[in-house]
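What follows is a pair of complexes built around chain A, which joins chain B in one and chain C in the other.
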Partner chain A sequence: MSRFVLRRLIQMVPVVFGLTAVIFFMIHLVPGDPAAIMLGTRATPENVAQLRRNLGLDEPLLVQYMIFLRNLATGSLGDSIFYREPVLGLILDHLPTTLMLATSTIILAVIITVPLATLAALKRDRLADQLVRAFLLVGLAMPSFWVGINLLLLLTVRFRIFPPGGIGEGFFDQLRHLFLPALTVALSISAVLVRNLRSSLIDTLTADHVRTARAKGLSSRAVFIWHVLRNSAMSTVTILGLNLGYLMGGTVIIEQVFALPGLGQLLLTSIFGRDYPVVQGITLVYAVLVILVNLITDLVYAALDPRVSLD
Partner chain B sequence: MNASTNVVGRAGLGAAEPLAPRSRRRISPSLIAGVAILGVVLVAVIVGPMISPYDPTEPVLTETFAGPSMRHPLGTDNFGRDILTRILYGGRVDLMIAFLATSVTVVVGGILGAIAGFYGKWWDTIIMRIVDIAIAFPFLVLVIAIVAMLGPSQNNIFVAIWLVGWIAYARIVRGEILVVKRLEYVEAARVVGLTDRAIILRHIAPNVITPVVVFAMADMVLNILVAASLSFLGLGTQPPNPEWGLMIAEGRDFFLRSWQLTTIPGLAILVVGTGFSLLGDGLADLLRPAR
Partner chain C sequence: MDLELEGKRTTRRRLLAAGLGLGATVAAMPLLAACGGGGSESSGDGGTSADSTQGTPGTSGDSGGEGEPKYGGKLTMSLADRDVTSFDPIIPTDNMSIWTMVLIYDQLVRNAPDGQSVEPGLAETWEVSDDGLTYTFNLREAKFHDGSTVTAEDAAYSLLRAVQEEDSQWGWIYQGVDSVEATDERTVTVKMSHTWAPFLADVALFSSSIIPKKLHEERGAALFDSPIGSGPFQFVSWEKNTSIKLKKWENYWDPERPYLDELEFLVLTDANTRMLKFQAGELDIATDVPFSQLEALEANPNYTILTDGAARFDYIGMNHTRKPFDDKLVRQAINYAIDKEAIIQSVLFGYGEMANTMLPKMLYHADDIEGYPFNLEKAKELMAQSSAPDGFTAELIISSGDPVAQQVAQLVQSQLAEIGGTINIRLVEPGSATDDIRALNYDWSKSYYTTDIIDPDELVTFGMVSDGGTKAVWTGYKNEEVDQLARDAAAETDPARRQEMYHRIQELTTEDAPVILLYYPTGRTAVQKYIHGFRILPTGNYRLWDVWRSE
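Let's turn to the complex of A and B:
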């Protein structure tokens, strides 16, 4: 196991280096002088020159990248132009909301996915299955922000069931605030999840070991739970891990719809404030989150499934 | 990230399957429905703006928030602009983004994937390492970050999708080619002395094209959603120009007064997206052998 972990960590090294390169060169996509653009039209030439120096934009490109890497190694993502404080601190302030949203989303997605996929697989090609498949077809094409707005306007503005955006105080109040946004993102990813789990369940239902279990005289409920669902759960975990990037992208938009003070909202305010160091820092954090979760998914998978070789 | 994992993070595709023999290809209801929906939409967004008597951006402040009527079949918005006209103009924008963004990424990703899969060695190493890195980013976050750096505008949506979208196709094409390359008839073509180009175009491409086309249809849906999302966030199409995501954003402040403003553009995205999904399913049935 430890050798497997070590090997996966070593494999990550080039990817992480590549990530830093992408993030670093991002600022060079800015047309013109980033320092002048960040400071806007009222800036004096001295201010611009000073910011250029602070950002290290006067150095040769390779030196700039080395400085960027050195700062990263010491945990520094630079300073925000707008907030005038370290980017890392800002990100850590906004990270908990996004993580809570992501976690609630995953839980809700599983609650939506498993019964729907089970129903569709057991009633294959019958009415229930057709309905689930129609839901998938439409669900894939539905803009999540539109669903979010409709839920917000219907359940909050019209019927006043849920609080109107923001994150609230205290754990349970926060959960209440997170329910609608998490439901919105969960609905948008469960279309993909249900589709995968349904076909995985159908494959397992016809597999030999399931036929054997039935022949042994196990009740169909026991067969389904112990032999079918358990097997298919593994593939759902993998698919969930692979769609995590999609999920994180969804949270950026939904945070905006529900005014949640998470990373996505910080990203957007920084974009409109042309606060490029913050944009770079947040992009890096999203990527690192996705890599870490994928690594954990791999490890959990390897630990649970005896067929996955660890060496 | 494991480059050989066949699930692209957006949709999974199976390994290379040969084209179905002509006799076993079937025209499914999905295909007919998809073609019908997209055909109607296409004619509407091409012809509609030509015959509409209204301007999509010019405010008519005497006719704000009009309900559906003979003159304005879907009513008017907060600036008194005809909603149907704006939907049709906006459809041009979204369909054009989806089409241009997808077709460029198909070609670029396809070529890079073909090079990686066919020539292998260090070509493969370089291209797939870039793919590994790009996959580590959440797609939408990377697109948003690129648009942020380039500056919010409709054209920069293309650039951002071009920079990121080819990756999925490179992975699909490379994966398929690795399988097809070892098939006997490709070996035979090589022995006969055909050039690499001829082998790729004549013997490999027909096998690889099916999963690419099917994925491209799902990608069209995704790219429309990306364009709409970015415009919704204020990073894409800029007012007063019409675009479906932007129309949803603009309409949400007036929901209680006029629900059409957000609902209709959302339904438009839904209909077009469902059309592409149906077309993709139908093409899959048509091109893959029946099982």
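Let's turn to the complex of A and C:
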């Protein structure tokens, strides 16, 4: 198992390296010059050229990439063009919010998915099932920013139950602030998950081992939890893991809608300002996170299914 | 420059829209009265509401200046464009940095609320020699936020930095400065090599902010991580891309101000989120309200909507190096063919005014020039006489993510079809067309500008003059008479003569129509009713030291 983990971690290196190259050259392909953007309308070409020199933006792209790699090798992501401070510090400031959002989203998604899928599977083709399936359709079809704005309008402006964006102070206040954004992303992910879990539950419910378990006299609750749910959860866990990239993408938009000071918001601002080092740094962090979560998914998979061997 | 969104982030001040009631009545008087009054010590430090013995909060056409000002409390306000970028006075060009900075630092003089003059800042008084070549500033007693005394040495050092330092983004604005010296503990003397009428307006610019010389020499750029000034509010914290906190400076030289104990600025770039937070009561002041939401907010008795603070000029820049836009007749025809009123009504929901000259509503703006009211007959006539009687084709660049610009572009497109214009709208992500525009490698681009100083010199140089470094807002327009007049007007010290010159400049540039003149939008700030004394200064920033809350 530890050898598996080690091997996977070593495999990360070329992947991340390739990613840095793609990210670096892609963002530089986008037209726009950070110096010109920073200086604004009034700047003369001389001002812009001067700032470009100061920022090292007049070096050839390949040289800039080498500098980026050299920094990376020493654990530095360079300095932000706008803030003139280390990118790593900026990322560390914003990472907790995004991680908390992602974690709450996953927890909420599970809380939504399991009961709904169970209900739908047990009441297959009955009214409850139809309702759940209708909900899924809606969840899949609605863009999450729209859902987010409507939740805000309803639950904060109209009923004032939740705060209208921002992150708050202190752990519980933060949870309160995170609830709506996490719910928004969770709803769109749950739509996929419920669908999947429902159909695997239905398959498993009619499997031979379930009939055997019932036959040996286990209560239907025990049968469901130990023999049905556990076996059905496998593919859902995989889907959840695979969807993490999607979830991260979702947080970028949702952080904007709910004014959450996370990585997504920083990323967006930095893209508009062509703050190359920050964009590179954040994309790198996202990439590493997705790779790590895929690894964790595999581990969970093994834990859920004894037949899966990691070595 | 240029693109709306980008401009939003980087351009500067907004000037007072005329006729909005902020009139000259207020001028510099309240502040002078307050300084002169002395004696009325306030219970500055508590959250309690002690009465101040004198002084109105210096406001009339603003968010309700009525009643006795109360002390204490916290104010939360949005930064709508993006985060602050730097607190080094000579570096930033973006409004968010600029407007926050002027709360932390003092300048020798500052812009008076009327938007047409300067009032005492750190300099209690100043004299200008008869030949206009020597300025003597007499400093008042004041302390930096670390407790040290502000000296003439600090002031001279800071001003020189703005004028001379290689990194200074604003060096170009201080023309004719020959020397800046601390002639004694409390006196700064500036010698000019030639007369320069906008000089006092330049001294009121944020880049002239006074920093502690000794600390800056010791700490260098690190000083601006937690900036120290002598302004009404001192720096507390800055969470990047999230919030900035300031608190009252207890030893501020004006014993009556500020009223508020704490300020917090939240970076809220998403308009919906900003307005939701405002409606939920988490924001006291929301800036940059979307046009479409103004009417609903105005109907709510708990809010005040401020329409002042909008000396901004919106236009469509045309590239004169491309045919047929080098032809004045074509440009005039285009200007007549566009129904500005229709745009203002349908896109701005009426919150704007037709632009009659290229100068926003500020000092020396010429109200009597007619501009280009919608006249399709005349437009067709001009087109027939022009070099392009069969029409023209232009690609119009606008910023994606800016619904207002998109709607304007569509109206322009359909209106110009009437005179044979084929307009192809190209949506670009903000910032990505900058290089092309600067290289005059484009047809048309929707944009706007605002001013940083109260004097029109900045915008005339930027927007209308061919040799000002920006090729007349990147149009390539050149009129030698305008160029010469702009130089003369800046050197002329007689205000009446200057007024005439700027009038003539506006006449000429309106006649030549280097750009499509669109509109002057009004400001759009939503303020909770319990906030008093808030106003947006002519130069776009806000005098939060005058603001108090009644609950």
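In this text, the second predicted complex is superposed on the first by the 270 of 311 C-alpha atoms of A that agree within 3 Å, B and C clash if a C-alpha of one lies under 4 Å from a C-alpha of the other, contacts with A are read in each partner's own complex, and residues count from 1 in each chain.
The working rule: a contact is a pair of C-beta atoms (placed from the backbone, for glycine too) under 8 Å apart; a residue touches a chain by one contact, two chains touch by 3 or more.
If you're wondering where the values come from, they're calculated on a predicted model, not measured in any experiment.
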| item | value |
| --- | --- |
| Partner chain(s) touched by A:G18 [first = chain B, second = chain C, both, neither] | first |
| Partner chain in contact with A:Q256 - chain B first, chain C second, else both or neither | both |
| Partner chain in contact with A:T44 - chain B first, chain C second, else both or neither | second |
| Contacts of A:Y286 with chain B and chain C, given as first, second, both or neither | first |
| Which superposed partner A:M26 touches (first chain B, second chain C, both, neither) | first |
| Which of chain B and chain C A:T269 touches, first, second, both or neither | second |
| Touched partner set for A:Y83, first chain B, second chain C, both or neither | second |
| Partner chain(s) touched by A:L137 [first = chain B, second = chain C, both, neither] | first |
| First (chain B), second (chain C), both or neither touched by A:G217 | neither |
| Overlap of chain C and chain B interfaces on chain A (superposed complexes) | 30-31, 149, 153, 157, 256, 272 |
| Interface residues, chain C side, partner chain A - complex | 1-2, 5-7, 9-12, 82-83, 85-86, 93-94, 166-167, 169, 172, 221, 239-243, 266-270, 272-274, 276-277, 279-280, 282, 429-436, 438, 447, 449, 452, 458, 462, 469-470, 473 |
| Complex interface listing, chain B residues touching chain A | 1, 5, 7, 9-12, 129-130, 132-142, 144-146, 148-152, 218, 221, 225, 228-229, 232-235, 245, 248, 252, 255-256, 262-263, 265-266, 269-274, 276-278 |
| Residues of chain A defined as touching chain C within the complex | 30-33, 36-48, 50, 54, 82-84, 90, 93-94, 149, 152-153, 156-157, 160, 163-167, 256-259, 261, 265-266, 269, 272-274 |
| Residues of chain A touching chain B in the complex | 14-15, 18-19, 21-22, 26-27, 29-31, 137-138, 140-146, 149-150, 153, 157, 192, 196, 238-239, 242-250, 252-253, 256, 267-268, 270-272, 276, 279-280, 282-283, 286-287, 290-291, 294 |
